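Letters A, B and C name the chains as they come in the text, with residue numbers starting at 1 for each one.
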Amino acid sequence: MGMIGLVILVFFIATALLAPIFVSSDGLDATKATGEPLQPPSLEFPFGTDDLGRSVLTLTIWGSRVSLLVGFMATLLSILIGAVIGIAAGYFGGWRENLLMRVTDWFLVIPFLPLAIVLASLLGRSLFNIILVIGVTSWPGTARLVRAQTLSVKTRPYVERARALGAGTWHAITRHILPNVFPLIFANTILVVAVAILSETTLSFLGLGDPLRVSWGSILEFAFSAGAGGAGAWWWLVPPGVAIVLVVLAFTMCGYALDEVLNPRLRRR
Amino acid sequence: MTIPAIDPAVPVLDARGLHVSFAGRTGMFAGLFGRAEASARAVDGVDLQVRRGEVLAIAGESGCGKTTLARTLMGLERPRAGTILFEDKPMPRDLRAYRRKVQMIFQDPTGALNPRQTIYESVAEGLRIHRVPGNEKERVAAALSQAGLRPPERFFLLYPHEISGGQRQRVVIAGALVLNPEVIIADEPVSMLDASVRGEILKLLLGLRDELGLTIVVVTHDLGMAWMIADRVAVMYLGRIVELGPAEEVLTKPRHPYTKALLDVVPEAGGLDRPVLTGEPPDPTRIPAGCRFHPRCPEVASGRAEAAGFLGRCTGEDPALRVLAADHTAACHLAE
Amino acid sequence: MSVLSVRDLNVSYTTQAGDVPAVRGVNLDVARGEVLGLAGESGCGKSTVAHAVLRLLPVGARAEGEVLLDGEDVLAMKPGRLRAVRWTEAAIVFQGAMHALNPVRRVGDQVAEAMTIHRQASEREAFRRAQQLVEQVGLPARRARDYPHELSGGQRQRIMIAMALACNPNLIIADEPTTALDVMVQAQVLSLLSGLQQEFGLAMIFITHDLSVLVEACDRIAVMYAGRIVEEGPSDLLFGSPAHPYTKALAAAFPQIGDERFRRAPSGLPGDPPDPAAVPRGCPFHPRCPEAIAACAREDPSLLKLTVDGRRRAACIRVDRLGAPEMVP
């Protein structure tokens, strides 16, 4: 199952990266649109056109760049914060742990959407804000997971042996805790990316994203606001929707496969 | 590196008035309403001198505080009160230098090795932490050899799960030896090993004392093991040392009722007709008043203490370690 | 009359690497009221033998041979009969009592469970009998209402024993019942087992690696190594003058306190107990044996009689060649 997921992911990432080579960005420029508005799929426009005559295929391909980029960046932010706080809380314990965990709990309950709306109105609509919002609201999950794993690893005898040998905090964390926590973080990362991409889609769809950038969510936003559903222009809605589903599914499949890869090692031991 | 002159009369480790407690866990609500769990007095006033070059066994049941005492001597626990002197100087706050002199071997050899590190890395870890100059590879090979793993090169790239339990313990010992310590504290070093393998590890420990002059402190619940390798035995009960003396004395002519009871239950041919203490090893959060052993003491239970007129003292007064014979002390009112 | 008679038991586990023989040709007899000790270290197969008696082997294990429980072959029983026989004729006190109890049910209920499964009593009656059993194992009857976490290790082990007695079996198999316990609690549990065994005339198999415990608690001992029995005989004789080199090494690991010979002279065996998947050729013990000779690498000895009546036997060619050691009948 993991292999299928991986193949799908590679396909999408490759498409996103290689987009400028194969598809000119002119296709996004409304003033240079060559097609008739709202045309159903044809040989010239395999996914049809939008209401401005742009090829939906071009839109989808270029949209993938933003969607994937935001997804990855937001995840990176989330994992970094979550891992650092989780390891610190788990390793140090005491008041530090309490403090960090209470902060984590606080962030855990911050509602995703209202925060996004507030930030958008305060700082304007931009990709950076989206990344920020997603990162800020998703790191607590990682933090709690990492803290639990850290607590478990911390009590293992070889960590105490390192202390007995004279190791300081840095050595214990980097040499022993981190390598044993990392597989969990990695598996968690895969799943967080999927959620991040979905979140970006949601935010763009609600009109909180960068109005100048095309992402899958924004395509859907345009489509809905232009009444694509009512006009029967299914070709405008389906490609980005299917793309989102496929990518999220692919990440989830990889996540499951990683689980299987990690567990046998534990079993063998 | 100059080796300072060592005065053999000075004990290598000297613990005075050691008290180590663990705070009870207070749930959130319990704390709010002022109900805190009593703290566990794991080590409740211990004076112990470890002599250079000796093998000292600290024996007792679980909960007696022997492991806590060992870990405190290692610096892994901080005492609530009391001091520890190493070679007549107080234990430094910065323990890194101390850790080069006093090293530890653990009960679970499998757990004590990071499964993702090779044997080489596990043994070299100490050298890297302390940034010891010189040829790392030679030192690692020498330590593995000393621990009985020969040829050492064969083990460099192996992982812990690829070697046996006895070999893993040797790796842990090598990891301790590589720093050239003066004292090794061994916490139940063979209890998790197969019975037929234990003798080899014990032989190794004795050999290290004989050849390298190491001082070895062994924590164990197995008095038979103490008989096999220890010079002196300290018996602990509920955080106190209740008897201390040469192994021949303590294990064959015990003075404290608890030691007698422990020796009585060591299995041997001849069946099961022997006095067994009732009850469980007691709770360090609820230490009895007076002599802490009196609720389970056969002398009290059988009435002998009362007949000898000691009952009042047993229930009211906590006995200190008193010298009863040459180098043999016990904490019992009746034994005097 | 033998309560249990094991004939040529062979158990192998199917693994990715092929068939691993855990038990290779074991013969045992336990008479009514007799206590047999089964000694050995990790990987020797003693636990497997115990589980085979009630056919509690995991999926992927194959058992061959005969296991006659009161005359009936357990290995050939139909599932219905097997279920009826389990616990009512033979019961196991499992290793690691801490984990064998369901943490969310009262211990009394768990003791009573066996009785209600076998429809020996109604739930109410079963609980009352469970309380009686709890008392018989040395705990106050009211403790039957406790949950496992409210009991100490020794107390939980007593509950396990009460559970084993629930359906009045003829045979109790105790698998490392005292291994995780303190010496004092261990002595208490041993006393208890011995008392119960005598009171009810039970047959018992006592499994542990601690030879000194077996000497105290058992009438006869069988020592296992690499899936085979390598020595068996009356416990005091076996411990006092072991014939097989492995038994000698095992006995040396449990010294007599006060005996000068053990003072500062620990001895152990090099190497480790063999992996059941890679048992050495010839005598499986020869790589570690201090008395091995050239022939040991070729011949795999079976149990040879050391006394005329066959009560003492050892699987070692050296013993045979030297003639039987001095035996006290």
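To be clear about the criterion, a contact is a pair of C-beta atoms (placed from the backbone, for glycine too) under 8 Å apart; a residue touches a chain by one contact, two chains touch by 3 or more.
Not measured: the values here are computed from a predicted model.
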Item to check | Which two chains share the largest set of C-beta contact pairs | outcome: B-C
Item to check | Most central chain, Cα average position | outcome: B
Next on the checklist: Taking each chain's centre as the mean of its C-alpha atoms, which one ends up farthest from the centre of chain C?
Outcome noted: A
Checklist outcome for this item: Chain centres from averaged Cα atoms put chain B and chain C apart, in whole Å, by 32
Checklist entry - So how far apart, in whole Å, are chain A and chain B when each is placed at the average of its C-alpha atoms? => result 52
Checklist entry - So how far apart, in whole Å, are chain A and chain C when each is placed at the average of its C-alpha atoms? => result 56
Checklist entry - What does chain C use to touch chain B in their complex? => result 41-42, 152, 154-155, 182-188, 190-191, 194, 209-213, 215-217, 235-236, 239-240, 246, 249-250, 252-258, 262-273, 288
Item to check | Residues of chain A that touch chain B when the two form their complex | outcome: 156-158, 160-168, 171, 175-176, 179-180, 268-269
Item to check | Contacting residues of chain B [partner chain C, same complex] | outcome: 61-62, 164-167, 194-203, 206, 221-224, 227-229, 247-248, 251-252, 261-263, 265-272, 274, 276-278, 280-281
Checklist entry - Mind pulling up the chain B residues that touch chain A in the complex? => result 74, 76, 95-96, 99-100, 103-104, 106-108, 111-116, 125-126, 129-130, 161, 172, 175, 179
